[in-house]
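The same chain A turns up in both complexes below, where it pairs with chain B and then with chain C.
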Partner chain A sequence: MTKTLTIDGVTIPFEDGQTIIQAATAAGIYIPHLCHNPEFTPHGSCKLCTVKVNGRNCSACTFPAMDGQEVINNAKDLNADRQKITQMLFVEGNHFCPSCEKTGNCQLQAVAYHLNMLDDHFPLFYPHRELDASHEEILIDHNRCIFCTLCVRASHEQDGKDVFAISGRGINKHLIVNSETGLLKDTDISASDKAAHICPTGAILIKHTAYQVPIGKRIYDHQQIDQVTLNSESEHDK
Partner chain B sequence: MQVFIQDLIKNNGYQATDLLAVLRAVQAQYQHIPKAAIEQIAALLCISRTQVIGVIEFYSFFHLSPRGHYDLLISDSITDHLLGKHQITAYIEQALQVKLGEVRSDGLVSFDNTSCTGLCDQGPAALINGYALPHLTPAKIDQITGLINQQIPVSAWPADLFAVNDNVYQAGLLLSQTIQHGEALHAGLERGFKETLKELDISGLRGRGGAGFKTATKWQYCAEETADARIVVCNADEGEPGTFKDRVLLTTHAHQVFEGMTLCAAIIGAEQGFLYLRGEYLHLYAPLKAVLAERKQAGLLGNNIINAGFNFDIQICLGAGAYICGEESALIESLEGKMGIPRNRPPYPVTHGYLGKPTVVNNVETYMAAAKIALNGGEWFANVGTDKSKGTKILSICGDCAKPGIYEVDFGTSIQTILDDCGAKDVLGIQIGGPSGTFISNTEFARKIAFEDLATGGSFIIFNNSRNILDIVNNFTHFFAHESCGFCTPCRVGTSLLKNQLDKIVNGHGSAGDVVALEELCQLVKTQSHCGLGQTAANPILTTLERYPELYQAQLKKISYEPGFDLDAALETARQMANRNDAAAHLSQLED
Partner chain C sequence: MYEHLETAENQENLKRVVVEPVSRVEGHGKVTLLLDQDNKVKQARLHIVEFRGFERFIQGRPYWELPVLVQRLCGICPVSHHLAAAKAIDQLVGIDPANLPVAADKLRRLLHFGQVLQSHALHFFHLSSPDLLFGFESDISKRSIIAVIDAYPDLAVQGVMLRKYGQEVIRMVSGKRVHGTGAIPGGMNKSLNKEERDYLLKDIEQIISWSAASVDLIKNVHCSNLPYYDDFATIKTNYLGLTKPDGALELYHGGIRAKNAKGETIIDHVDYCKYNDYIHEEVRSWSYMKFPYLLSEGKENGWYRVGPLARVNNCDYIDTPLAEAARLEFKAHGNSAMVHSTLAFHWARLIELLHCAESIRTLLHDPDIMSNDLVARGEKRYEGVGVIEAPRGTLFHHYQVDENDIVTKANLIVSTTSNNMAMNESVRQVAAEYLSGQELTEPLLNNLEVAIRAYDPCLSCATHAMGKMPLQLELINADGQLIDKLVKGSDGHINRVASA
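Up next is the complex of A and B:
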């Protein structure tokens, strides 16, 4: 007998050891997320993937799938909260989509579209954050960092390095790099590292490639993030 | 410095888990963690420099830039405010010629706020180079100023400056009679440790930190895990503002607490134990080490304890100023030498705790109760209290009352009885369970202390009618924003948004809709946050908004919209640069 759970009333199978989001992705069900990427250890921090499991809020990316679970995902109240959490990510940093070279390829922006976010809702923090343009090929724009730790995990788990880390506490959290000077140019990162390409926003960019794909012809200009994500992530899970 | 660090880490056995202890020593020696030290520590402990920097920037007591040789931190808890924190702060600034938040230009003194120091019954209180200074008065500040100006080391300051009182006013099951050293262990051995776990189950003891998970069940789960090693942890990171009972238990009843831990070790089969002591209780570190040594000497710790053939040892680990480490999985991370970030669950600590080993984490009071239950049996405990809350609760009572201190009450005791006992008059309301708990008004004094009514880890702060509720809520809300670990979005951003939104209303810039927006935000932070901190951070606002909606409404301007952008605040940088603060350097938001 295959074990099953239900998501929004639809029964789906799962295998032991899968998280709810893995089971959902395999079944073609999209659960919004930003800090999750099936290639790396789940982190559970962005909280966009919060679903109700038997009435309780759980992060779908870390919570194990279990037989008979009743999961609520695509519900009005959950999506309203997801929209506000996305708005929180926008106001916490400095995200000016029209002038950002990641626009159209940015997952934060795409999730915001998906959740029908039309304004910032909350007062903006306008934090003072620096750029690190020291590296010849890679740029860090701290204004756009959402602390998802994907670069941290990619560097550690896939590149076998520890180029990135999140430091500080609370609203003062920030991305740091592993060099004595604190500058990216003095780390052992290379432009071919996974960590240099994993950022869901425009915080880590490869230099000299901006606008090679013009605005209007980018990933999310023509597709919704749910379809893009399901295609890429179910491919990976296979 | 190189030799100092080399020796330090060598003495610690090159363990990465000892990072906090190493950093504490370097901070104490050099008033900050110098860059060269970071490199050396990372190399010797075989960890990345980013882990070292991360830990330094996470904990309030570590600094990348130098503090003064005398680092004075004044407690910013509401209970210290009630006892004159503002006045004494102004006096200190004058006497020591240093502004709050600054290091004096000669580098001798620094002065800043710190979260509750656990001296709420004897405030206003401060820490000097980490050591507790209760009952600050202008006369004491004069004395301290003299000692600092003569550059007398803190270790040579008169002992009476550091005298912390227990202030126990009411003793019940636990406090009325101290057990003899080893008595509970012998009773457990005689009965059989499995049988003793049954007694613990019969007693109905639930965790005393506030969450109230059944202790016997937790120990059983941990014992049932297949593992080659298990861990016993005592959570003495008593950070909830208004709580100080663990301070007293560890001052006067440390033997019994350690005995409870040893009993737990015997029952679950653990050989390693930790007492995670909050950094604010540095003054207890040496005495507690002495108690451990005494117990080892007496055969109550170490190898072949009470000749029963089991081994167990306890290590004391000091925190470094992070409220979040009271959360059990954050505490475990901290024990491992990391930032105190709560883990994802499952797995739970009872299966995957310290270094992945099955771990029991319990409160100080829980271990103390367990020891006495082993001696007196489960029924003895279960006969007191209510149906769902057995035994007694040790309360830390502070704020506006005649006799602030420790009161052990039976579960089920009414609030009115407690108020009568501690001599509280003209009461406006009470914060029960600290900022993460509930604010009750003076119409609710028939309610009871119990898990099923008003649960508390011990904090019980009384406010009289001269107090302003919004000031209280504001203090608590700022506290949570300061202590949020920043891991999850709803708490990291939400607690700061709550702070800003409440400030806007309290400062009279709120307009229609702002209270609704505040409440909406509260619900989001409460339901979406990762751990207990975020899930309770909105409680001060929610519980007072429910009881005193008119107070919030009265703060609002009678206009339909107030811009979120504060014109006057935006000029602050310009004012500082121009060194001006006259009337013409300010703008009013709107024409009144």
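Up next is the complex of A and C:
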């Protein structure tokens, strides 16, 4: 017999081994997220995918789907918390969408739109963060890093290289690269690596490609992130 | 001239009158007058009171961000900054204007004509027409676009539609009406498809017709108010701008030409990449805006005017028929000599508006704008200069980058900056000739703003004297008492002025 759970009162099937977010995606239900990518091991760090499972807050990307679960996803209080988390991500770094080359293709920006984030709410930190432009083909703009670790996981799991890691704790947390000089040019990363293309924001970029996609043809110009994500991630899960 | 009114002696005995903000211009500025007991003007200055600092904070960014980043200088003429930066970064990827793909060149020109059209329409109809239609000293309730809509509804609609059309050209080429993309290093990111081209073509004849009517309107306004319009705020100056190699009016790409007040050539067909050999900038302690001047003429006499009046004065002809006919009438009004009337800026501006409309029609009929051969690449360079004729005048962008593609140095000479000295002179002329000795009233003070408005200044764009800017830092306690005060002079030296 098919096992089922409910999300916001809708009964959906799942298979053993699936997380809640995988079951939801397969059923066409979007749960906002940034650090989750179905290609890599779940990390559960951004907390945007927090849902209520039988009354308790859980990360949908790491929590296993179980028979009879009652999951609350699209609720006012949860979306308000998600909006606050997104606002904190914005103020913690330096995210200037108007001139950022990732605009229109940026998951952080798209999630903010989806959550109806109209301002930063919190005071901006304006942290001093450097660029690493040392590599001929790849640029790291630390101003835009949200520590989702997707580059860390992509480099480790798919590229087999371990180019990236997160160092430090709390507000001192930062992205580091695996070279004695601390510069990207001295790592073994290549522009064809998955890690060079996985960043959901504009923190890791391929040089000399900015703004080549005209306005109107960018990922989120005509579709919101929920539609885009469901299309791409449900394809992957198949 | 009126330079003796820049700084008065014995200022403590003078009355201070402030016009703040200067209205119906882009950005924030104020005019201060110092008057003696008989209301005689002893000092008049246009101050630019906002500060931007773009030249500093684009340092450290990758060069390909520049066209999109620096266009945020302005919401009225972002395309000018976008394209000036694009021309500079073309050079960083080894592409000179002659090597830019033909389609990219034409699309950029189309974008730029749309931009100048909408900016000129905005300035004339929305900002200046109330002064010109109702009189400089009319009641304050008359001095807005709302009054124009009431009194001249058809004209107001034409103004709005002209601007809208220019904005639509921008949107078709760059994706958005304001702050789109479009230009990328070595080319453009899209061409027009047939649907987009046809959408613009359907209204172009009407746009040309309205543009021609606006030239007739300003000509009639100007010529029915002589000699007042020829004399008001008028100063005899040098003029600078780009022209085509054959001397024709040029807005996108050409050599620098400068003429003196008599119409004699100072420089001609100068490669703008060498602008630094010809133009320097002076910083003065009382304004955030620099004062550029032609090196060969010196600081005292080398300042010049840019913008529509300079361009129409400087060029030998205009390569579109209706605008050329209008230019000939304009020149005839000045007896073929240089036209120095500051209010003739409006006339020249609308001649350019007509030229833009005609040029847009020509480009829309050119199949190259639908080509997909859009980008070229050459050998990397470390320095690039882009110069363009923005709606308000010649705009210089100059960048240097390091081996990692990061901007290390930037210099922008914005059109309004070039008109800084001239605007101050015009303000002083009006103060001396029309205000001095009179009891000042609000309508009378509007004359100062009319003089400034003729230049269509964009004060937001023009304030970026970072590093040399004079600053004043005051520490005030909760009771409002001044605890400490630091003043940084234009030489960069910091003094503590007062402390409790």
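We take it that the second predicted complex is superposed on the first by the 237 of 238 C-alpha atoms of A that agree within 3 Å, B and C clash if a C-alpha of one lies under 4 Å from a C-alpha of the other, contacts with A are read in each partner's own complex, and residues count from 1 in each chain.
The rule is short, and it goes like this: a residue touches a chain if its C-beta (ideal position, glycine included) is under 8 Å from a C-beta of that chain, and two chains touch if they have at least 3 such contacts.
This one's a predicted model, so the numbers in the text were calculated from it and none came from an experiment.
Visitor: Could you look at A:Gly28 and tell me whether it touches chain B, chain C, both or neither (first, second, both, neither)?
Guide: After superposing on A, A:Gly28 lies clear of both chain B and chain C.
Visitor: Looking at A:Asp81 after the superposition, I want to know if it touches chain B, chain C, both of them or none. Which is it: first, second, both, neither?
Guide: First partner only, chain B.
Visitor: Taking the superposition on A as described, I'd like to know which of chain B and chain C A:Leu89 touches: first, second, both or neither.
Guide: Touch status of A:Leu89: first partner only.
Visitor: Quick one: classify A:Ile215 as touching chain B (first), chain C (second), both or neither.
Guide: Once the two structures are laid over each other on A, A:Ile215 reaches chain C alone.
Visitor: Identify the overlap between the chain B-contacting and the chain C-contacting residues of chain A.
Guide: No residue sits in both footprints.
Visitor: Which residues of chain A touch chain C in the complex?
Guide: 98-99, 101, 131, 133-134, 139, 207-208, 210-217
Visitor: Under the touch definition given earlier, write down the residues of chain C that touch chain A in their complex.
Guide: Per the touch definition, chain C meets chain A at residues 60-62, 64-65, 67-69, 72, 93, 174-176, 179-182, 184-185, 189-190, 404-406.
Visitor: Would you tell me which residues of chain A are touching chain B in their complex?
Guide: 42, 44-48, 50, 57, 59, 62-64, 81, 84-85, 88-89, 91-92, 122-125, 146-147, 162, 164-173, 176-178, 180
Visitor: Flag every residue of chain B that touches chain A in the complex, lowest number first.
Guide: Chain B residues touching chain A: 35, 39, 48-51, 53-54, 57-59, 322, 339, 344, 346, 481-490, 492-497, 500-501, 521, 524, 527-530, 564-565.
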